[in-house]
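I've put the structures underneath this note.
One chain, subunit A, links the two complexes that follow: it is found with subunit B in the first and with subunit C in the second.
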Partner chain A sequence: MQAFQFGPVSIPLHRRAVTMVLGLSFLVVLVALAALSLGSYPIDTAGLWQTLTGRADPIPAMIVLDHRLPRILTAIGAGAALGLAGAMVQTMLRNPLASPDIIGFTAGANAGALLAVLLTGGMILTGALTGGALAACAVIALAWRGGLDTQRLILVGIGASLSLGATADLLLSFTDENTAADMARWLTGTLHARGPADVALIWGGLALLAPATAWLGFPLGRMAFSDDIGVGLGLPMTRLRLAVTGLAIILVALAVSVAGPLPFVAFVSGPIARRLTRSGGPALAAAALTGATVTLGADLAARAIPVVRLPAGVFTAMIGAPVLVWLLWIEARKGRL
Partner chain B sequence: MVQDGTNCRLRAEAISVAYPGRAVLENLSLDIPDSKVTAIVGPNACGKSTLLRALARLTPVTAGQVSLDGHPIDRQRSRVVARQLAILPQSPLAPEGLTVLDLVRRGRTPHQSALRQWSRADSEAVERALDLTGLNDMSSRMLATLSGGQRQRAWIAMALAQDTDLLLLDEPTTYLDLPHQIELLALVRQLNRDTGRTVAMVLHDINLAARFADHMVALKGGRVRYQGAPSEVVTAKMMQDIFALPCTVIADPIHGHPHVIPA
Partner chain C sequence: MTAEVILNHRAMDDRRALVLLASCAVLVLLCLLALRLGYRPVSWADLARALTAYDPTDPDQIVIRELRLPRLAGALLSGAGLGIAGALIQGMTRNPLADPGLLGINAGAAAGVIGATFLLGMGSPTQYVWTALGGGALGSALVFALGGGAQASPARLLLAGAAISAFFFAMIRGLVLMSRQSLETYRFWILGGFENVTAESLAALWPFFLAGALVALAAAALIDALALGEDTARGLGVNVGGAKLLAGLAIVLLASSTVALAGPIAFVGLIVPHMARAVVRNDMLWLAPCAGVFGAALMVLADLAGRSPLFGGTMQAGVLSALIGGPVLIWLVRRTGGRKL
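Let's look at the complex of A and B:
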């Protein structure tokens, strides 16, 4: 078996998984470059090169570096965070339907962020973290009956998602028209007018969480069997579940804080990544890159219709909804739903 | 009682296990003799599976304790226990998309860490497990495409790759036809003879248990009613007491093991 070796570190490499991760990285860069050059003020390859190397005129430089670049970096970061959170929770709960945006974590983070903005005018991240954590606790507590049954968790979670969505809509009605219009767009998930603060938040967060995420990737691939097998292999299952849930909540809250909920990104990334890599593991790196690609693609599609300023979330939902139907169909056919 | 002079690393000391509203095991004590094959038998719902799960710390005890090397098993680090003791639960589940090799490699988990996910010892243990179970030729097959017997062997290989002194198997012959049952039990027996591994398994078939075990434990109503060598345990009286089955027990004409012939 081929393995990456460096001092005491040794990590097995699946050739197909490595190829897919490299391919997806290339795809992200490609779509990002397209997103930098396309738009109401198109910039050709030569112009883009000049801008990125700091030799361009002020106007294209401003458009690329101040407007498009933060937006693109935010899209990649938020998409990666959601892709990671989705793949982790789906693997832990052994069900592709159990992703944070289906079982209420995202809706909680969203409602929390909205409430924080309405009450304090800021503190989005604090609101999102609190809301996400409260929603997760509530969903788990409501679904708990001497143990955690994933199917009940999914049903309770869908219910929680819908109620929290309705609550968010209700909160909107207490604001003035302009704020409400802005907030409504954000509630769908948007990357419009992102700035360096957003980029710093999402990428700083990802950098801080990366070691923990990489660490959890190893036991996650074993937790995917069953509780009996996990315990038999010596995994501290309860502590690991807490760690995975906590990490997923933080990742979702970070993404929601900079881009709104971006429906279905967390949900579609894991299954796509697993099918691409066929490694039989949680495929976290591939899931992060898939999330980034989907989000970036959705934002590019949203920008292609310039006048109405459609939020990217509309397009992630358009990509995600058919995948949801398809997975529901597969699960129903296997008799697991 | 286990004969004197035999060490027992794994012991149940006056354990009780209760599920909500139902006591399954009550004040049960049992020693698993080292380097022997122990078969646990008994009628349906007698608690034999629960006993094996409690011995492997999969099911928590409500009283008493299971001890491994003299220390309570649930107070030791799970990872450290997993290097001494492997358990193959009944009808184990694997995620989709795994090959036989993927599965067997997962058995190395307690010897690995997030940083050190693969070593030469891992490769060798996996190779050995595949050899012993005769799965070398199908290591790249998807688990889902295997027959029941092959899949069960793959799970055994995963437990073997864990490279533990103690191996616990919960009804490993379920869903297998007779040739595959014999093959699997012969493999378990050979492992015990070649490497001195301690094996404890729950079995349904008394005759197969009598043939392949060194030590037999018969359970009824959550208590140990009989234990000892198969020739001492498998008697017409035991079959009547435990299973309420009138029968004659003869010596198997080929191997000499006790053989139950229902009346």
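Let's look at the complex of A and C:
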């Protein structure tokens, strides 16, 4: 471990963590380039270079710049947001199973978006944001009892998640056949036909939230220990938990409104990133990059099967299964089961 | 033991027999109401004739025999099955928040049914009840492995259940998106209801419910010993592994058959044992039958309420129980403080 010093500030750096973050960034770029060139209209490396430098024919230029690039950028942004939110919540609740999609933050956004579509015929973003925020406020309020206890937050979250899920299923049964098909696709999480507006939304949101995330990253590493240690270190635990929860909800709502509730991205990113960096901390940067890689890879897989056009969410869930089993295996080996 | 304590026990025994009898009476009343009321209310006389001297030309009697009777039977079987399964799973895990829906059994069974229907083209419950049972067993095994076995904290077990359920439902969603037609079937089936229960599916599935109930009764006698702690139970000469296996078999049988009959219905198995425990305390041999009767009554009531004009006449019982069950779970968590469970 080394430390960089800028005047009075010193930032500890794990060599392995830095290597992993660089490696993951490289992987994201590599997969993104592959996603740009592969598809029903393949474009080779030379053609890709020409397109990106603005010297290509209009047709490949349109395919790459108008269709594939926004989709890829949205996937990276949404994956990163979900990965961040997942790693933050899992670290805060000290449980690798307690990710935002399991404990009800995502279900609120789903139900809100469905309700908005049903009532107004559009306005998915507004619905997702409002639904997510309302659900989170309700979960926090119901779990509150002279402070925010992690165990209670998890249990109340699961209860809320089930009720909201039933609401979403019910709303889905009220719609006509075509809307139901669209919404079912969206509820699985899809990156089909994303535009510059989606890219601007998710990346703008990430840029705005980055300082807060970085700032919360420092106490978060200490919240991973027991409550006693946190209090002993002088951390305002309840206030920090509120801040982390609030930030995670905004990140999830942003991702959901551009890509739908991609299942298991938030769930798998944290454990994979922690395992890769072996830092013991929340490993936020690595988790964001892992989320981006997983989402991008899932979207690439979704595009590779052109006939049935499955949404990317099906593939992120498939990636989730082995990670679940792997978590089970390492926990069993540690004798913590 | 003083005479007074013995007398108190006697009074308790009398009271629970009385309560069980009274709730059976309420259940019969609810059944009669469920047969009589609906989009086309029928007179008591017609109802009596339809049950005793069936005339297949009278439209009122056809409604009762062909539509309402299978629906009622479905609600009775499902409610009783989920109630008993809930009582067993809560007793076995010593976890007041356990429920077949919360612990991934319903999700596994649902994946079994959907996979069999849409991938293998099985159409009848006789065939897909087996895949439902397999899925339910797989789901429960995964949840117990991931959640740390029966000794785990309630929160961890529930989290494992939620994670496994989320995985199964994501897979199901992916499967049904393959074709427009399967989605159309799915989005009504997933709500959990008794609209599509037919005499054929009842005929195919009732042996599974009966087997589940019988195994449950056998397991109930052993679970009381488990409640004292596994070491004590072993000391009393109970085969702990065998008792758990028996209880697990009963739970999977009952919950999976319910999914095959009516779709995934959550929370009945959570709420009903708490209601029953308020009456008969922790005696599993009483608790299981009582939870069965309460569950059946609750399901019939939910179906009746869902058909009432209050909910537009089309609210599925499964949705109703999920909408009510979520708040009940939260209330249970708050009441117990979430920690000292």
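Keep this in mind: the second predicted complex is superposed on the first by the 291 of 337 C-alpha atoms of A that agree within 3 Å, B and C clash if a C-alpha of one lies under 4 Å from a C-alpha of the other, contacts with A are read in each partner's own complex, and residues count from 1 in each chain.
The criterion applied here is as follows: contacts are C-beta pairs under 8 Å (C-beta built on N, C-alpha and C of every residue); 3 or more make two chains touch, one makes a residue touch a chain.
In this text, all values refer to a predicted model and were calculated from it rather than measured experimentally.
Of the two partner chains, subunit B is the only one that A:Phe218 touches; subunit C does not reach it. By the document's definition of touching, neither partner reaches A:Ala128: not subunit B, not subunit C. Put simply, more of the residues of subunit A are touched by C, taking subunit B and subunit C as the two choices. Of the two partner chains, subunit B is the only one touched by A:Val231; subunit C is not. Contacts of A:Ile63 after superposition on the shared chain: neither subunit B nor subunit C is touched. Within the complex formed with subunit B, the residues of subunit A that make contact are 1, 3, 8-12, 91, 94, 146, 214-219, 221-222, 224-226, 228-229, 231-236, 274, 278-280. Note for the complex: subunit C touches subunit A at residues 97, 101-102, 142, 145-146, 148-149, 152-156, 158-160, 162-164, 166-167, 170-171, 173-174, 176-178, 180, 183-184, 187-188, 190-191, 266-267, 316, 318-319, 322-323, 325-327, 329-330, 333-334, 337-339.
For subunit B in complex with subunit A, the residues that touch the partner chain are 20, 53, 56-58, 77-83, 86-89, 92-99, 102, 105-107, 109-110, 112-119, 123, 162.
On the subunit A side of its complex with subunit C, the touching residues are 95, 97-98, 101-103, 142-143, 145, 149, 151-152, 154-156, 158-167, 169-170, 172-173, 177, 180-181, 184-185, 187-188, 263-264, 267, 308, 310-311, 313-314, 317-318, 320-321, 324, 327-328, 331-332, 336-337.
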